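Below are two complexes that have chain A in common, paired first with chain B and then with chain C.
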Partner chain A sequence: MKRDVNRHISDKVFTGVSGGAIILLCCVLLLVLTPMFVRGASAVLFYGTVEFRKMQLELPIFDRGDAEEVDAEVAQALDARQEAFDILARFREGLDTSILRDQAREMNRAYGDYLRTLNLDRAEYRARRQAVRDIRDGFEAALASSDNAVADELLLGVAEQLAAVDLGGTPAEGFVGLVEEYQEIVARMDLSKREQYAAALDEVQEALRGLFGPLPGEAIPPLAMNQYGATRWSRVKSELDNLLWAEEWREVTPGEPLEKVRIARTEQFAGTELADMFGLIENNIEAMMLPRFTFYWQYFIDDSTPGHYFGGVGPEILGTFLLTLIAMAFSVPLGIISAAYLVECAGDNVVIRVIRTCINTLAGVPSIVFGLFGLAFFVLFLLPVFGLGSQKSILAGGMTLAILVLPVIIRASEEAIRSVPRSYKEASLALGAGNFRTFVTVTLPAALPGILTGIILSLSRAAGETAPILFTGAVALGPIAKSILQPTRALSYGSYDMAVGDRLSALVPHQQYGMVMTLILLVLCLNVIAIVIRSKVSKKLRGY
Partner chain B sequence: MTLTLTQKGETVEESKILEKGEIAEDEIVVPCCDAANDAGSVVVASDFTLYYGSKVGVKNINMKIYPQRVTAIIGPSGCGKSTFLRSINRMNDLIPHVRTTGCLAVNGQDIYDKRVNLVNLRQQVGMVFQKPNPFAKSIYDNVAYGPKLQGMRNRVQLDEIVEESLNQAALWDEVKDDLKKSALALSGGQQQRLCIARALATKPQVLLMDEPCSALDPIATTKIEDLIGQLKSRYTIVIVTHNMQQAARVSENTAFFCLGELIEYDETGKIFTNPRVKQTEDYITGRFG
Partner chain C sequence: MASEKQLSIYEDSTAAGFSRPLLLTPSEDLKGYIAAHVGRLLLFGITCVSVLAVLFIFIFVIRESLGFLLGHGLGGFLTSTAWHPESEPGEFGAVGMITGSVYVTVCSLLVAVPIGLLAAVFLSDIAPFKVRQYVKPIIEILAAIPSVAYGFFALLVLSPLMQNELGFTTGTNILNASVILAVMALPTIISVAEDSLSAIGREIREASYGLGATRAETIIKVVIPAAHSGIIAAVILGMMRAVGETMVVWMAAGNANQIPSPWWNLSAAVRTMTATIAGDMGETVQGSMHYRALFAIGLLLLAFTFTLNMISEHLLARARRVKGGGK
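Then we have the complex of A and B:
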């Protein structure tokens, strides 16, 4: 009776533990895959701005979209942005006095030329020349001053001097306008903060470039990534944050380390006309960027601009696919033949046992070792022997991957071939078939499901490995390979490169996640195909 | 063994006399002993001994198997009856460290000679195994496997052979409509008859059956036994069985093996009613061991 209860309990516990393990496994899988897919999906599904559509239309590698429609949108967005740009231009003028100074100097020089044409006597010439020089010097002193009161006083002095000298009709008559303009600026702006403003303005302009692309009047930058503003709504938000908030290191509590403090730009530029611009942009950002929900399925076929800043992972998918294909083309036949030899032909002697041990050891060797071997053997030795260039290539990378997965395939095939019932082979042999014939027509088909399992495992491994192709076949940037003797981009290596690469990956996280998601999807697709084939084969073997 | 081989070498020329159609003209037929030339028998064993490494499988077997008859081999487990049966088409070669002495001849030819063509031998001596073991192919392909090995590609001829073999194996009426169906979808008894049809398709002279009914139910067993009765007019059948009633029902001759030795070999009637040796009587009456 008691034993029955015990058995019942232990059965329940066993079932519970097994179920728990399965659930745990599923949870871990979900925990890993869900964020990957959610973030990866942002590469394909996102709110694209007018900049995105402009980029897709203009860049020759995409060349997509309706030109008229996009042009209309761009014009509409520019309209909305224009007011902000105007404010910025005016503020910049006050900050950067070099324009006013240059104008003053130019006027002074022109006035000198004008005086010489009048053929005045020496004394008068000197007096009139000196008067304008004094005006210029006074104006420049006012420009250079960083104290509003001093500048105001200097400007008043200059204005008086101007009033004393009649410059009407001469090239120097513009001085009146200049002085008035600067007086206005001085009235608006705290000149003592000018240097501080200049540094902050750089940040603001950088953020504006991030939002809207190159500012009006600036030359078109050479890199595609700088030619366009924020192409995605998520990027708009982070650039907007940079625009509206400054970060500063400040001593919050005395004696403690400095702390990072966020300061609103409106506060930073308080009292200046630029303060208005921030509110304007914040309130009208949608009109300025025109976000629209975008399903960018072309992500999976598009080429990308250098550094994956724009575009998709088409070449990476192609490269990974080719590398895996070549790896399989080499490793599957070789693996099955080796397994067949080990099971069918080789006896059980010391040499064979050593070979088996070696194969098992190879399966556990770190992949970077295979990568270095591939570099030394395929790239540096074998390819030159066949008269091919000693460079990274899809062929060398594929062969390195083939060696990497060979032990897995051999072991799986060995097990599968060994588990074919002996009566199968005997039936064939008893009919007069030779060993080879028996293997090909009877043993191999019966072992195929098991062999395919090994192939599926190694397929995923080959597609996802980075280290073996690091030195033998993969590049991070470069043209799409035209033959298998050229290096290629690959998903695994691309993800790695973006992770260790540079600041770019921080700007385009969706690219990195998208690449990883694509890799998982690709492996999944290949696996599903292989599993379907396997189930077809086993179905045939079971006879339904 | 080596000594006999050199003797054989000298008799090569004169021994190309067998009239069997299947054997190619350049086939070397080597009689290994005087007994092998007995025209009345198909399989002749003389002092045949087989070792698994150092263990003896069968020992000093002297036995003649006659054509167009069913010869049953009975005996307790591990007595070497299957080993002897499998020696007749050299299936024991698959086991490592097997060696033989003495002589085992089929149609007067020593089958353990190095020059023997195994393919020809096995097509001449077909085999049916204990467990039905059809290939994971269609019924048609299973039967056509042997003829295809012989190089037959002609579709019409193949169709004829398949139909004929399935007819002989009494399976044609049951499967003629779905020859393309997988053989594994058949029932156990049908599968075993398919295996028989597959063995018959190579037109063998001798058919070896290694406990063909042990994995089948009584109804399927009856069918196979009926089949054996029909086949014996055309083939020489050797059947190993544990079932003494079966041996009594289907066979003309019966051999009793024990501990690797042939204890008694005679007509079935005599063995079961009036055995000469005490050991045989004990086994048959169930007093053995």
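Then we have the complex of A and C:
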């Protein structure tokens, strides 16, 4: 009795465990697909900022949007940013004394030239020239000092000197203004922290460039990726974080490894006027960036800037399409005819068994070996024979894929042709049609949905394969192919390249995930179509 | 007289309102005969393209690797772990890669076989038709997801997770690649194993139930032993998928040409044969020894999968014979 209970329980447990295996599979599928789709969707659906619209308008590969509207928006955003930029400029002047120093030197030089035009006697000339030189030297010493008290004292000295010499009307009269300006700065800023500020300011400016694009007065950078600020709201947030918080490695507990500490920039720049800028930007960031919900469906047709920093996957989709099209053009006729021969004409003899073994072998060859074969045969041997040049090309890649999917198509077609009821064929033969006519007009149409399913499945297989086109047809970068004798970008290889790519692609995770999402979407759509067709066919066949 | 009669038969087209004579003239007959045979031959020729493709794959991979095999021989290739193809003279020891491939394959099978077998049993013996109808497309979709997408997942989702949350020294390691390869091998294992389990006739199961066995006992003690050929074939096919897979191991196995030490250290990075070919081919000069050595690795892979394929085919043929004999 007890043994029976045990057996019963172990039976239930077994059922539960094997059901669990299926549930595990479903979970794995969800686990793999969810991050791809969730993060990939952000390539198409996101909050685009004014920088995004500006980029879409200005870059020639997009050239999209209403120029007036965008210009108005840009002006509005610039207006909002101006106050922050002004604060920054003032602060920079205090920090970077080279501007004031250059002005002082220039004034000194101009004064020298001016004196020469006056035809003064030697002694007088020397005295006046030397006075201004002293003023300049005193001013430069004040600029160089990193102690507020010393600088103040030096400036006072210079001011006295200035008062002693009458420079009114000469090119050197601006010295008064310069000294006053610098006195103000000295009053505001702790000069001893100047170097510290300078390093931190570099980080702040970098973050500002990331946020708003090149700062006012800076030259336009050559790379498109540096010409625009944060184009999406998520990026705005991360750049804003860089702007508002500094990260430092500090020894928190003695003897332990350094720990990362976040310091607010307002604390870092406490007491300076720059401290105000952070609050200003944080509070007005929406006015500065003008985020708006964007449905960027053109992602699927747009070309991209180098490194996929901006733009979409248009060329990749086109390349994948061309590669699979060529693969299908070769493999579909071959596959259907082979299947027809194997079902209709062939018996079971040694030759047929060898052919079947070969088809199975072909199905089992690793995809990277197909790549090697494609390189050795199509690229280096066959194409040169026809005088088409031995280089990676869509044609070579497509033909390699054709061999890869050939066994898939043969097997699917064979099964479809075999599953056509015998009575169809016998009815046709009884009406006097020949073997060929029976096959073309009766068997083939009846088997077509099944064959189509196989074709669609092999299409999705060909679109997803990467290894065979690595050496035969795919490149990561490059212009859109103009003929099938050139290599092309493809979704599968692009996904690989974006995943392992340099620091640049890590900056644009939406582009990484967007690419692989497009690939999965394409493959899944094809598979769903195939599954639907097949379920219809099987319903029909069950009906008879 | 006879020939006149025959002639009239050939020309008698109006008898029953047919638009053309009922019988073909001898020349038409001959034409049809020739057309049928020429057509057959043509179809046979086209069918042979698959054979040619296999032949050419072998010929060209061997042709490109011949220079290496003659120049360096198999000895160093199969015994040394030193892989310095660009040094002078180059060292070509593939043992590190072969063990790398073995590691990820065996580990992935350790994960995939139990789960795959349970799932196959569930689908063939336990699940009602409705459930099967919904689970099958899920398995198909699992099989359809491109390998580069799995590799992407391994590299950008799983690897940071392992490195940051689970405390691995590197997120790209044997374990990561094996788990993903297991997921990729599962659909193959499930579908082949399920086919062979379903092929075992009802009467065998019913005999077992009739003797009072529970479902679990029937499956474990009767159905699985009866279907063992097909199940082994399923495992071998899954193994082929794992050995031949390129993108996942290239992206997720770490690409370090080393033998893990100690041997159970699954958090070590390894480099497989396929990843070596994929990674190195872009940097070689065509025709160089390095290039030929990569083809030699390809040949090794090809020979290995070919052997596995032959074994699985033999097993599946036996499974079919057993089923046929059982009836």
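FYI, the second predicted complex is superposed on the first by the 417 of 544 C-alpha atoms of A that agree within 3 Å, B and C clash if a C-alpha of one lies under 4 Å from a C-alpha of the other, contacts with A are read in each partner's own complex, and residues count from 1 in each chain.
Please note the rule applied: a residue touches a chain if its C-beta (ideal position, glycine included) is under 8 Å from a C-beta of that chain, and two chains touch if they have at least 3 such contacts.
Predicted, not measured: the structure shown is a model, and the values here were computed from it.
With both structures placed on the common chain, the touch criterion links A:196 to neither chain B nor chain C. Applying the stated contact rule after C-alpha superposition, one finds that A:421 touches chain B and leaves chain C untouched. Applying the stated contact rule after C-alpha superposition, one finds that A:445 touches chain B and leaves chain C untouched.
Partner contacting the larger number of chain A residues, of chain B and chain C: C.
Of the two partner chains placed by superposition, only chain C is touched by A:18; chain B is not.
After overlaying the two complexes on the shared chain, residue contacts for A:540 are found with chain B alone; chain C is out of touch.
In the superposed model, A:433 lies in contact with chain B only, and not with chain C.
In the superposition on chain A, A:337 contacts chain C only, with no contact to chain B.
Contacts of chain A with chain B, set against its contacts with chain C after fitting on chain A, overlap at residues 434. Residues of chain A that touch chain B in their complex: 347, 421-434, 437, 441-442, 445-446, 540-544. Across the interface of their complex, chain A is touched by residues 89, 91, 94, 96, 118-123, 126-127, 129, 131, 133-136, 145-146, 149-150, 181-185, 195, 198-199, 202 of chain B. Interface residues of chain C facing chain A in the complex, by the touch rule stated above, are 32, 36, 39-40, 43-44, 46-51, 53-54, 56-57, 60-61, 63-64, 115-116, 118-119, 121-123, 126-127, 135, 137-142, 144-153, 155-157, 183, 186, 214-217, 219-220, 237, 240, 243-247, 250-251, 274, 277-278, 281-282, 286, 294-295, 298, 301-302, 305-306, 308-310, 313. Contact residues of chain A toward chain C in the complex are 7-8, 10-11, 13-15, 17-22, 24-26, 28-29, 32-33, 35-36, 334, 337-338, 340-342, 345-346, 354-355, 357-362, 364-373, 375-377, 380-381, 403, 406-407, 410, 434-436, 457, 460-461, 463-467, 470-471, 492-493, 495-496, 499-500, 512-513, 516, 519-520, 523-524, 526-527, 531.
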